[in-house]
Amino acid sequence: MPYVNIKITEEGPATAEQKARLIEGVTRLLQDVLGKNPQTTVVVIDEVPTDNWGIGGESITQRRLRSAPPRST
Amino acid sequence: MPYVNIKITEEGPATAEQKARLIEGVTRLLQDVLGKNPQTTVVVIDEVPTDNWGIGGESITQRRLRSAPPRST
Amino acid sequence: MPYVNIKITEEGPATAEQKARLIEGVTRLLQDVLGKNPQTTVVVIDEVPTDNWGIGGESITQRRLRSAPPRST
Amino acid sequence: MPYVNIKITEEGPATAEQKARLIEGVTRLLQDVLGKNPQTTVVVIDEVPTDNWGIGGESITQRRLRSAPPRST
Amino acid sequence: MPYVNIKITEEGPATAEQKARLIEGVTRLLQDVLGKNPQTTVVVIDEVPTDNWGIGGESITQRRLRSAPPRST
Amino acid sequence: MPYVNIKITEEGPATAEQKARLIEGVTRLLQDVLGKNPQTTVVVIDEVPTDNWGIGGESITQRRLRSAPPRST
């Protein structure tokens, strides 16, 4: 019965199909590595605005403005 | 001074009155069971889109499509 | 299928019986207020050292040292 | 490589410039106090509706209605 | 620069090698599905005592006592 | 009434005095930038074993073994 929280920036954005693949993939990973029951594995995905995500002391919004062309990170 | 985070799917959705009852109820529970001071108990409720919540290796959106009629889970 | 995370200081500490009452109580609360299925409600309790919990700009350890006798908060 | 999550109510609301200052400030704090590398410090800010934040057993929405004039807390 | 938090019960327990496989696997998944840069993907694993994890209104400790032999879930 | 969660590796480890400085500093930052009331600002620090923290697809334990001398990150 693992619980997994995945936080990503809302850039893109991720499609429903991509999010379904994340849910399926991480559930299978926990079954393969630790034998966890997939039926009780919970996955929650949070999509965060780029103003609200910081790395290296600046927001992703600021970082994107400095770099051209934009890159997926 | 407990901190409680409640994550639910945004189906329904929950009304302001229901969320107030969750806040009041969990605060009282911590006072009754552990003697915690309700004045400093913090509760944060997150409402998550059904595409972003997975159980059993699939999203709630996918699960709802397979089952008719929709059920509260 | 709600997910609830309860963070408390590890003072006391909470007994297994008290933690079981928290799990049972918050699961029932989500059923009563929102009709959530208790079979898929997940609750995780984190017990945090008092050095690692801050309120009002100081740790609980510091706060306890200033106040006599100690009080449950 | 610390990870910091800051949750605030979405009142105001916080501007992109204020959020950038939070990211910069907490990243520098971790460098100053613990010598952490700012390049790998991650900060995520969550802005929570006042209906979804509780303190003292009631939501911030309820608390704001009882107090006049509104105060920043 | 995704952030992933994996919570599991501390049963077993998971070995360092198993935790390394979780970290590698979820990082690769985020690269494969969303093109995320693995160099800035952060994964944090929390191992939770069975008294502190609830499902179906009871702790894993209680659930394990009711079922014989113990199963991985 | 912000809530801040700081996750760091348990390397070092951080002293009680350093953790008190983190609590004081982040509480003051939220007051300076957003005018938040320090009396109701909650800070929780989690110290995570290096086997349980991943970056770049490997655990900190693995990363430390590859690099000599060890560096604070």
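Each chain carries a letter (A, B, C, D, E and F) given by its place in the written order, and its residues are counted from 1.
The working rule: contacts are C-beta pairs under 8 Å (C-beta built on N, C-alpha and C of every residue); 3 or more make two chains touch, one makes a residue touch a chain.
Keep in mind the model is a prediction, meaning the values are calculated, not measured.
Least-squares overlay of CA atoms from subunit B onto subunit F yields a rotation of 180° to the nearest 5.
When the contact pairs of A-D are set against those of D-E, E-F or B-F, over half line up by residue number only for E-F. Centroids of subunit A and subunit E (each the mean of its C-alpha atoms) stand 16 Å apart. Centroid to centroid, with C-alpha atoms defining each point, subunit C and subunit D lie 21 Å apart.
Under the contact definition stated at the top, the residues of subunit B that touch 2 or more other chains are 1, 3, 7, 22, 40, 42, 44, 53, 55. In terms of which chains touch, the assembly is arranged in some other way, matching none of the line, ring, star or all-to-all patterns. Pairs of chains meeting the touch criterion are A-B, A-C, A-D, A-E, B-C, B-D, B-F, C-E, C-F, D-E, D-F, E-F. By the touch criterion given at the top, residues 1-9, 12, 14, 18, 21-22, 25-26, 29-30, 32-37, 40, 53, 55, 60, 71-73 of subunit C touch subunit B in their complex. Per the touch definition, subunit B reaches subunit D in the complex via residues 16, 19-20, 22-24, 27-28, 38-47. Residues 1, 3, 40, 42, 44 of subunit A touch subunit C in their complex. Remark: subunit F residues 7, 48, 51-59, 61-62 touch subunit E in the complex.
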